[in-house]
Amino acid sequence: MTKSMFLNNLILAIIWVMATGTLAEENFIFGFLISFGILYVITINKQDRKYFTILPKLVSFFLFMFWEIIKTNLVTVKESLYAKSKLKPAVVKVPLTVESDLEITILAIMVSVTPGTLVMDISDDKKVMYVHVMHVSNKQDFIDEVKNKFEKRLLEILK
Amino acid sequence: MSLQEYFHFIIIPLLGISVILVFIRFVKGPSLADRVIALDMLILISICIIAVYSITFNQSTFLDIAMLFALIAFLSTTAYAFYLEKRERK
Amino acid sequence: MRDILIMISSTIGVLFIFSTSLAMLRKPDVYLRISVTSKASTLGVGLILLATAIFFNEYSVTTRVIAVILFVFLTVPIGSHMLARAAYFTKTPIWGGTKIDDLAGQYDPETHKLHSEKRNTSVRPEKTDKPS
Amino acid sequence: MILAVLSGFIFAALVPFFSKYFKKAIPFVFSALPILLFIFFISFINQINLGSHLMFSYSWVPSVGINFDFRLDGLSMLFALMITGIGSLVFLYTANYLKDHEYLDRFYGYLAMFMASMLGVVLSDNLMTMFIFWELTSISSFFLIGFKNEDSASRKSALTALGITGLGGLVLLAGIVILASVGNTYSFTELLSSSEVIKSSNSYHWIIGLVFVGAFTKSAQFPFHFWLPGAMKAPTPVSTYLHSATMVKAGIYLLARFTPLLGDTYWWNVTLVTVGAISMIYAAVHSIFRVDLKSILAYSTISALGILVFLIGIGTDKALLGAALFILAHALYKAALFLITGIIDHETGSRDISKLRGLQKVMMPVAIAGFIAALSSAGVPLLIGFISKEVMYEASLQLGQWAIILTILIVLTKILLFVAGFWAGIKPFTGTLPKEFQKVHLPSTLLWVPPLLLGVLSLTFGIFPGLMEKSLIQSVFSSISGSETVIELKLWHGINTALMLSILTLAVGFAIYWFLQPSEKNFQKTIRFERISPEMLTQDFGNIFSWFAGFWTKFFQNGYLRNYVITILAFLTFLMGYRIFNGVKIHIDWDQISEVTPSEIIVVVLMIISIFIAIISTSRTTSIVALGVVGFANCLFFLFYSAPDLAMTQFSIDTLTVLLFMLILFKLPKNKTYSSKPIRIRDSILSLIFGSLIAILVLEVFEYPSSTEISKFYADNAYVLAKGRNVVNIILVDYRASDTIVETVVLVIAAIGVFSLMKLDLNPVKKN
Amino acid sequence: MNNILVIAPILFQLFAGTVLLFFWTKIHLQKVLSILFSVISLGLGIWLFMLTWTEGIQFTYAGNWDAPFGISFVSDLLSATLVLIASISGLAVSMFSVGTMREERLKFGFFPIIHFLIMGLCGAFLAGDMFNLYVWFEVVIIASFVLLTLGSTKSQLEGAIKYVSLNLLASSLFLIGIGFVYGLTGSLNFADVAVKLSAISNRGLINVTAGIFLVAFGIKSAIFPMYFWLPASYHTPPPAVSAIFGGLLTKLGVYALLRTFTLMFGGDEFLGIILTIIAALTILSGGLGALLQKNLSKAFGYLIICHIGFMIAGLGMFTEVAILGTVFYLFHDIIVKTNLFMMAGLVLKINGTQDITKLGGMYKSYPLLSILLSIPLFSLVGIPPLSGFWPKIFLIQGGLASEDYFLIAFIVLGSFLTLWVVAKIWAEVFWKNAVNLPVKASGLYFNQLSKTNQILVIIPIIFLSIVSLYIGFAAENIYVLSEKIAADLMNPQKYIETILGIKTVLP
Amino acid sequence: MEILLIIIIGLLHAGGLYMLLRRSMFKIIIGLILLGNGANLLIFLLGRLVKGHPPVIEDGMKMFADLYADPLPQAVILTAIVIGFGLQSFAIILIKSVYKVLETDDLDELNSTDEEI
Amino acid sequence: MKSLLFRTASDYLLPLLLLFSLFMLLRGHYEPGGGFVGGLMASIAFLIHSFAHGLKETRNIIRINPMTLMPIGLMLTFLAGIAPWFINEPFLTGLWYPEPMRFIGMLGSALVFDIGVYLVVIGATLTIMFSITETV
């Protein structure tokens, strides 16, 4: 549904550009925003309305990821200054709720940018993900973190 | 301190030292994966170097080279992985 | 003002790069090194590219910078994953400090199939205490 | 005239056609050729009898001065008549001798080819054309000697003959080219006028030396003589035609021809007399120790040729006249003897002189021919041999201080040849016919008429020397000597020293013939000396030469790529080093050198270390990854120094190369260090020298200011004319797009090559 | 004269190769097309030759960029003749390979590559630019690599390793040489480089550069001491491939030496001495090597080396008549060597082996064919008046003029060794009775071929034999041609003036 | 800087030659690649070094206003690199085929075609 | 390779990279890039895809055999080269449409030429790489 809405939005933006006759990037963005507003006003169908909530969610998701990445890197900076004595690496099996390939991939990328983690592989039946972690004090804590922090947010956007 | 000078005296030397550090890892190995990841890192650093050069010489076209570097770094990583797996299977 | 932004952004970026390089040298096994590289570098590269985008302040440059950053963010984790996986297959030694290894014995040595339930195949790297 | 000369080739070329349609008629068609030619030549005889000559010119390669110019004078007339006359007889004789032979057609082809070549040699006025025919005689004789090509001995003698005469020919070629370059023409007639210039030129000794080698090899003079006895493996008509009457006389012809041009100098005379004397004695002695008829004849032929060289060497009018006469006399009797030998061989199956006896009972006409030929050979009065012998003796007696010794030599030779001639011509026919030959019968007319005819001619000319004197010998003499002296031939000169010597010759010769029986035992005695004979020495030389060939070839082509590389680069290093230390001045202009930044130093260090790793690493993968770093550092240089296109291309291609390596690497065996440490040290030293030389050169060239005109043109017109901004790309797709097309083709071919290497495998499947 | 169609012979081959690539799997169509294209390109070769003959140097500036800026293609008489001869050989080899090559090999792009190879040769002959020459060289070598290894038999691969390594080394040196030339002159155009080099006072530097080119081209032309790859590899590929290799590839190196050493680096005394020594030792090495060989193709391979020595001898003497000899020999040698290797291939097809000791009886079983085959054999020896004879006269004359007497001796020696080898081959292969012929491992025997294929095997041999007979008997024409070429080569002003369009004076 | 580059060029040539003198086919190829790199750098250097001014005309200009690097050597090297890639890839695959058929990497065992018979 | 992550990522990378390669090709005349680099990029894109999905699938996506791309590309360069002959100009003379196109720039034979190069590079590189990976 969101796809067709997005398409509608796009077509309207193009029509805007054609109508105004100015083929510039700014104009296109402007047209997109205008049509977004129009669509927001005229759409009643509940299913279709998801399109309008997903955008803010997406933005907040990106901001979240950005923060995570910065955090990750700061940790890494810290890490690189320590000796190895503080390391407690482990390869942890994390069960997956997400199903499709794309979802799994996005999740994996997200996990990868968290502090001290590295996705080793996904099992062939797509049920678990093996993650190499730099610091594991409690295995289950880590698994929960992955599931709550990343998987949930991901599912929110995609479902 | 001008931007150019700042880049010349701070950024580039730091990048240079990073290159050396990574290169030491490259020389030390010991496994092929180590060397590959070092090479990967070298390429990433060189992307930074390119970016810095494009600023100091005011040449935005260098950025495309950076893009190409990133792309190829990915190819080589996958290729090594491919190789390692194949070698193991043999 | 723009110059300051550029300086800050690039400095942080370079520091990330530098620390990653240092970490690469110091981490005891290959998995840890891969792990380190796949993160700091991404942000380092991203920030420095950001500095460039600010410097040129041009639409086309900005789009290209965004493209590069996106690309790096997409490929580096995947690449690291593949390298780590391959290293594991080839039984590249894992640091002795690695307490838990759920992956050990999970790969089928012939088909490279990865199982989700507990197995006990021969695919498990030996542990080493000597940092390399 | 050209048709006359080349008709033999035309006939030879038609052999396949003939043998397909008229195989039976071949002997007759081909025999008609020499007969017609004989008549053709004899029709000119009146026009040249006063020492004049006829010229026939046909243009061929006029720019080089090589044309078909034919000169018909006494000398060439004599030879032309011998070639066609004896040719006629041999052609006829062959018809029966090789009757029903499978390859008779080919044989006639070769013979015709040979005859034409021989005519070409003696008729050509142009020295190069003469040389061409000269070589063709060698080739056609190669085919004739090797006619029984399934027999290995036959092949071997054909090879030997070709080897000796071929080498001689090449030497002669050099001589002729030098001669022509001194005289500035290939035309003999024109050269004659500059005879004195040539004789006094610096190259004169070279010229005669080279010409002598050519002549001696062809005419089987010591020490090149040994191919001739070997060539007796050929069928008898060949021996008759080539090895007695014609081809071997080509050398004599050459010497005679050149006498007025190059002769009459100290070295000319001394060399010829010495070589002639050695050959005539050496071969004559050999001839009486042989038991095989053909061997005897072969050696006596060598000896006779020696006499001719000797006479030409003496060079006086008398001697030259003697030579002229002896050429004819020898041709007549020796050809007859060969033909007779052929008949005997043909009928009895044996050529062993110690066994052949009493054949006159069964083949009287042959015996008569043999008798006459032997007598002519011995120089018995009333035969042409006598006349020539008398002139010879007179010539040698006129020589002042050298007269005695030279006369003794020639008399001795003549005595021995007497014996040889008698053995060949008389001995088989006398005595009682042994049982084994009872069934032998007279061969067909075509076989015995030719030798008899030759005998008749010997007799005719012997009794009536005037017949040939005016018509032929006079003009022969004029063309050899170049003088206008009128000669006179007589049967009877009165009693003089020459006659006394003649009588002595006959008496001693007969005595030896009477008392000395040819036997295998005597032959064995000479074997002892074989070890130091020229033939054996040549063989030794050949062996040493092939050893050397093997050594040289194996030394360089030793199978080891690294040695090849060392050799090549050592050579290059030598070239560069020599020049650098002799002429290149090295100076560094520091103003041109740009400063170094730290980041560049880092890249340089990176590169250097990676080069070392790539070289010394024991792991292949490490080498390859290091190679990748080398390429990567290279890219950074390109980047620093304003070559973005290059950096991109180099980087992508380096990665692909490394990838390729990776993909094939695990198919390779374990990496091993094969070479030992000293070798590695040697290689590193050589490599460093090479690298340093290159570096020095680069520095020097770098210091040299070069023009920037072209780059400037590219840059200035890039936008205006080629409508682009990236000059490198414009060079690639416009200024120098031709390079780019080719480059894409290279890629295409490489791709096909890789594809076929991977997919096409013609190797038989290996068994497990 | 400026003529935009000068490069037609090259482009046509490019077109031919490309079209053939479209019909990758359709072998039969490829066969027909290849012969057709070769005939047309022969026509183009004749056209270009006649044009150059009647109207003088033809050239075009690719991209309409005048020399020295763009790449010029120049057809002087030497180039035009070589293009013509290359297309003659190309036609012969195309037919011969249709007749003899195994289907498996043809399926892997044999014909396109042959056409690309000929394109490379024509391009190299017509190139008026140093780097352009380099790229043409590369086309030729990569095509030769592929042809050499096509089929990957054991011996092919073994030979290829050496061939590939040394040829790549040569390319690398060539590139270094180009770098030096560019560094010294800032130009790549032959004519322009010649003018600019002549103005440089530091002769030592130029001579070192010349030395590098000597080695680079020397490796390609298989001269002493750089010929090693040739005996290691030339006998290994299928005969059709050997034929084109034996005929044309080494001659490309000779051409390059001729061009550069007359136009740019000529007249240096030290290099002259080096060249004469090289020539003598090349003749010697080739001759000695050939003497020992028991394999027909290997013997011919060594003879190639020997005769390259003859050509280098002319270059070493460096007089007009000697260059004439070299050029004449070049023309003769291409035709005859191509023919000889085809002949060796035919012998192989008939008997299943090329081992001289085992072969025999050809004369008995194939008399007419034997006589046909004797033509290239005896032309090679230079039995007068066949083609190999004439150039020797000029080489000897050249040696006299330059007083290189020892070179004359070596030419005589080389000729004698050739004579001996060929006579031995004749005696063994044609005269001797064959005993114990080994059974051929793979491929068809001659008599198993279809009638058409048999004819296609014989026709090219006849064709080339006729050409070599023509060279021999119509030596006048070839002489006049070679004389003109030699005069042009020794006096390059005309070339330079035509290309650069200016009056120049070379010192 | 040029001096340093010249040293590298020398080293590349020395290294290339050294590798060409090894007995392993693999090393031969490495040597050839090193030589190729050396030759490219050589041409690049002899075209003279210019820092930071690629031969790309700026937008809105018709000609170079400033200094620019010599584009010709760059184009030449680019062509040489691509050609080199074709040749090298063929050579690399050749090693593999040789090993597949002859089961050795040691050149000393690959000299049967040189033997005189 | 049997990596799910890689496979999925490569699906999205392929169009991205192809886009980039076309971009490189088209702007080569004005900025660094051009037929070679563009072609190499495209080949690398397909190569990565083939690593992830196996050759068969990549071949399916390309549809046309890379082998055939080579003669097509060669033919384009050839035609771009000889086109000037028809107006009696030398081989490879640049022919230009007088007005520049938006986004692409000047249209002319040089562009056709570069596209030819692009196709040949893709064809050749893929042929090389594919035939090796196929037999490895």
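In this document, chain identifiers A, B, C, D, E, F and G correspond to the written order of the chains, with residue numbering beginning at 1 in each.
Keep in mind that, in the parts below, contacts are C-beta pairs under 8 Å (C-beta built on N, C-alpha and C of every residue); 3 or more make two chains touch, one makes a residue touch a chain.
Worth saying up front: this structure is predicted, and the values here are computed from it rather than measured.
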Any chance you could name the chains that touch chain B and chain G both? C, D, F
Hey, which pair has more contacts between C-betas, A-C or B-F? A-C
From the centre of chain E, which other chain's Cα mean sits the farthest off? A
Averaging each chain's C-alpha atoms to get its centre, pick out the one most distant from chain G. D
Suppose every chain is reduced to the average of its Cα atoms; which one is closest to the average of all protein Cα atoms? E
For chain D paired with chain E, centre-to-centre distance based on mean C-alpha positions, whole Å: 26
Measuring from the mean C-alpha position of chain A to the mean C-alpha position of chain D, what distance in angstrom results? 90
Once you find the CA centre of chain E and the CA centre of chain G, what distance in Å lies between them? 36
Chain centre separation (chain B, chain D; CA means) in Å: 70
Where chain G touches two or more other chains at once, the residues are 1-3, 5-6, 9, 13, 20, 30-33, 36-37, 41, 44, 47, 67, 70-71, 74, 78, 81, 91-92, 94, 121, 124, 128, 132, 136
Set of chain E residues in contact with two or more other chains: 14, 17, 21, 62-63, 73, 131, 135, 138, 142, 145-146, 149, 152-154, 161-162, 165, 169, 176, 179-180, 182-183, 188, 228, 231-232, 289, 292
Show the residues in chain A shared as contacts by 2 or more other chains, in ascending order. 108, 119, 121-122, 124
What are all the chain pairs that meet the touch criterion? A-C, A-G, B-C, B-D, B-F, B-G, C-G, D-E, D-F, D-G, E-F, E-G, F-G
Chain B-facing residues of chain G, complex: 1, 6, 13, 17, 20, 24, 31-33, 37, 41, 44, 47-48, 51-52, 136
Note which residues of chain G are touching chain C in the complex, please. 1-3, 5-6, 9, 12-13, 16, 20
Please name which positions on chain G make contact with chain D in the complex. 28-37, 40-41, 43-44, 47, 67, 70-71, 73-74, 77-78, 81, 91-92, 94, 96, 105-106, 108, 110, 113-114, 116-117, 120-121, 123-125, 127-129, 131-136
Residue ranges of chain A touching chain C (in the complex, touch as defined): 25, 69-70, 72-73, 76-77, 79-81, 83-84, 87-93, 108-109, 112-113, 115-125, 127-128, 130, 132, 134, 136, 139
The residues of chain E that touch chain D in their complex are 14, 17, 21, 62-63, 65, 68-71, 73, 102, 104-105, 107-109, 112-113, 116, 119-120, 123, 131-132, 135-136, 138-139, 142-143, 145-146, 149-154, 161-162, 165-166, 169, 173, 176, 179-180, 182-188, 196, 200, 202-205, 207-208, 211-212, 214-215, 219, 224-226, 228-229, 231-232, 270, 274, 284-285, 288-289, 291-292, 363-364, 367-368, 371, 378, 383-385, 389-390, 392-393, 396-397, 400-401, 408, 412, 415-416, 419-420, 423-424, 427, 430-433, 441-442, 475-476, 479-480, 483
